[in-house]
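Structure record follows, encoded as structure tokens.
Chain lettering (A, B, C and D) follows the sequence in which the chains are written, and residue indices restart at 1 in each chain.
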Amino acid sequence: MSLNYTKKTIDNFLHPKNSGEVKNADARADVGNMVCGDQLTFTIKVVDGKIKELKYLSFGCASNIATASVLSEKVKGMTLAQAKKFNWNEIVSDLGGLPTQKIHCSVLAVEGLQKVIAVYEKNQAKMAGKPAVAKKAVTKKVAAKKPVAKKVAIKKPVNKKLKK
Amino acid sequence: MLIYLDNAATTKIDPRVFAKMKDFYFNHYGNASSIHFLGQANDLKIAECKEKVAKIFNSQPENIVFTGSATEANNFIIKGVMRANKNKGNHLIVSNIEHPCVMNSARELVAEGFELDFAPVDSKGLIKLDELAKLIRPTTVLVSIMAVNNEIGVIQDLAAISKLVHASGAYFHTDAVQAVPYLKIDIKKLNIDYLTISAHKFHGPLGVGAVFINRKIKIKALISGGGQENNLRSGTYNVPGIVGLTEALLLSYKERGEYLKKVKALRNYLWQRIKKEIPDVVLNGDFVKRTPNNLNILFRRIEGEAILMDLSFKGICVSTGSACSAVNLKVSSVLRSIGLVEDNLNSNIRFTLGKYNTKKEIDYTIKCLKDTVKRLRAFTPIK
Amino acid sequence: MLIYLDNAATTKIDPRVFAKMKDFYFNHYGNASSIHFLGQANDLKIAECKEKVAKIFNSQPENIVFTGSATEANNFIIKGVMRANKNKGNHLIVSNIEHPCVMNSARELVAEGFELDFAPVDSKGLIKLDELAKLIRPTTVLVSIMAVNNEIGVIQDLAAISKLVHASGAYFHTDAVQAVPYLKIDIKKLNIDYLTISAHKFHGPLGVGAVFINRKIKIKALISGGGQENNLRSGTYNVPGIVGLTEALLLSYKERGEYLKKVKALRNYLWQRIKKEIPDVVLNGDFVKRTPNNLNILFRRIEGEAILMDLSFKGICVSTGSACSAVNLKVSSVLRSIGLVEDNLNSNIRFTLGKYNTKKEIDYTIKCLKDTVKRLRAFTPIK
Amino acid sequence: MSLNYTKKTIDNFLHPKNSGEVKNADARADVGNMVCGDQLTFTIKVVDGKIKELKYLSFGCASNIATASVLSEKVKGMTLAQAKKFNWNEIVSDLGGLPTQKIHCSVLAVEGLQKVIAVYEKNQAKMAGKPAVAKKAVTKKVAAKKPVAKKVAIKKPVNKKLKK
């Protein structure tokens, strides 16, 4: 089993973007992988329903750091609804593939993203005194833009690469 | 830039060893089982190699079986002794810090109906002799306890263990792969029945190991065929490999005194500076009963593989544990066995020095390591 | 003086192969399971080697398992497939001219409760397909029949055998150790489940073999440990060995056309002159379905080992059969299987040519051989 | 298992002494080894109760030829009684050792010697019309000259050599 990383993964490990903590964050969430011990802490700043800033702390391997880094770049500027639909495949394909045994890193990063958004929405709902369902329509629209077929198309070449 | 501090995983071949192998590849290439002069000269050469190798461990040439690796040798001993001595018993003991090739051979035997116990170690990594004594039964056939651990370099008290094991009539195997040339092992005096070594761990070639056996004890071959090695390990004799193993072993012990002094000074220097200049580090395993080439250090709050990768991009080769567990995600069972808490199991780096390392390399390593640890700790979520 | 005509026993390494190995020993010596750059570069190298090796046999890289020898590989397949597929059946068939490593692996299984049949060959050394068909049962798990025999060089009809074996749902293994580079084997087309090769038989290094497997069939590892080779063969990857095997294989097939022409001409010249100039000789095995490097000749009334020794003192290396049976006293079971009568079983010499032989060497060999045969026949008691 | 021969064995194989057949031999005998297929045919000429000439034909390996050669030299001039007591150890030690799996060659050669003497004595007895027991006393005398202890002494260093 290879642990060879792509150049982009390496770049993101050596020079992670948006590492650290958002000042005066709107939400914070921790996720961890029981098996490999990896941990991520996300903090987020949301302005006008869009992600203004997403940062992370990482206790994890090179690909844990790199996937969090790529994720933080990719979701910047997304609406929360878009961000909630963000798929781990997009990280993997953006990195040009990940070693099979490291795919779970991208999954953990996305899990963290979803969790921090959920915390944010809960916070918002609490502050507004009502459940956070208003943006349901937007979510659907965005989802329509990213058909499942496209995701599969991205996934395939990646898997092929990993098999080598 | 290449600073190689992963000598427990494998070592660079000594050019003198390679030169000997080359001579055999090009000038003495006969199959040692062939009757013609080119074959028989190699048959004699193998006998000569066995004599030399045996002398180093104070054993007899006829007790040596050359194999394709230490892994094969350990599989051969564990499985071969247990399967051949069912009349004696069905119980096997291995320590809980053995290399996976001993561990997994032992586990396979459980599926065949054998019974297996693990001998525990204390927080320093040393076998608890009283616990081992309690585990030994009248049906215990074999006890396998490594001489030197591959992750933490801890040295076991072979004399005491051997005495204990033999007191109850069991046989004793020790995996001495990481012991060359750090320990001088007298097989006869220590009463060791089986001992395994691996050439590529002491600047010899890959693809060749050796095991000392006790000819009085029944054993079943793992690899059968043409009947080489007295029917105990078939396959065309790897003459250049055997010559290479022998030469590497001889050189290792000949130059041992000087080497040990040098490597210990370097290793201690590395540890002293790390301890002083990097906060929140802990040495895993005993410092005194430890080979002088090994450091295994816990760097709190950051992940071992990230440290390793960061150093790798600076040209420095270290490991998170054993090489074989590196690419699968398993944490070190050795570190767990010596009592590391779950939180700390993923934060360790093994530095294993070798005969080619220099002070300049260690200085550069420390400089890089400080940067690496600082960088990674800057964004760790752990308090 | 050294005229090496024992290339079926082992071959001299090709200097180009050795140069590649050297580069890996000195410049790319990382343990391929290590995560650092020196290790991971070798991990990629192994993948590249598998790709190249697979292409030669039209198979997939992921079907390749590198081993420490062909003997290990054959033990792995025979024992590993039978032990892992007990639900499918308990019956094994091997030909009666297999190499001892297949033979003895099969015989060991009998002690474990498996059933074994031997597929007979005709007087030319070719498998009797109708007899094989009769031996196959619904419970037959594996049929192992070598591609090229190591003593008489006879080539089996792999396509026909594979078809027959698969028609009844059994799996097919072929020991192709002596087939490189004489046969071009298309694993996919011929539907071969398992195929074994050995580097030192085609001017590659000792201590490394390879086996193609069918990943869809269950198999049990022979050597367990660190989990290398997808858990099918543990032990530190022998990177220089793997690189050497790959290079030797590529060169063998790249230069195959020219080599086959040359070696066939030399071999035929040797046989023509022996036949003409030495009375009472017989060629063992088929002449046409035979690799062009092999001659196995009966010299009536004199003993093979005496011929061999006499030639050896003249600098000529030949063999009486396989190298592994040479130093024990057993007569060739291969020659017995093709029907040689008892009186003739001890009077045979195998000449196996290789890529470094010249016409001058063959001329000298014939001259010496004539003297040898004449000398020994001068005091033979046999009429 | 080694098949390395001593220089003396090699010499006797390459230049065997007394190979062939004795002309007008007094006796002739064949011996063979079922396992390895070796065969020896001895012919003998006896004059005044002593071996004047012993020759052999050999179908056998290098050590078969060499042991017969050494034997033929050693027994030349011996009385039949002496020759009957001739031990295979003496061949082995004279050759400076034999590979373990070739010891049987020396045994076969001695077997052949004994057989050809037996044939000779039977022939003589037949010709004389009485059993050939007259020389019993001589035999005993010779035997006394070669105590068992000495034979063991010869054997030991040889075995040691073979073990290497």
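As a convention for this text, contacts are C-beta pairs under 8 Å (C-beta built on N, C-alpha and C of every residue); 3 or more make two chains touch, one makes a residue touch a chain.
Note that the structure is predicted; figures quoted are calculated from it, not measured.
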Remotest chain, chain A as reference, centres from CA atoms: D
Comparison of C-D and B-D (more C-beta pairs in contact): C-D
Interchain centroid distance [CA atoms averaged], chain B/chain D, Å: 54
Whole-Å separation of chain centres (CA-atom averages), chain B against chain C: 33
Inter-centroid spacing, chain D versus chain A (mean Cα positions, whole Å): 91
Length of the line joining the C-alpha centres of chain C and chain D, rounded to whole Å: 42
Multi-partner residues of chain B (each touching 2 or more other chains): 35, 43, 305, 309, 313, 326-328
Residue list for chain A, restricted to those that touch at least two other chains: 1-3
Residue ranges of chain D touching chain C (in the complex, touch as defined): 1-3, 10, 13-14, 16, 19-20, 30, 35-41, 56-62, 64-65, 101
Sites on chain B touched by chain A in the complex: 301-303, 305-306, 309-310, 313, 326-329, 331, 342-343, 345-346, 378-382
Complex contact set, residues of chain D against chain B: 1-4, 163-164
Touching residues (chain side chain B, partner chain D) in the complex: 35, 40, 43-44, 47, 51, 61-62, 230
Touching residues (chain side chain B, partner chain C) in the complex: 2, 4, 6, 9-13, 15, 18, 22, 25-26, 29-31, 33-39, 43, 67-72, 74-75, 99-102, 104-105, 108, 198, 200, 205-208, 222-228, 234-241, 305, 308-309, 311-313, 315-320, 322-328
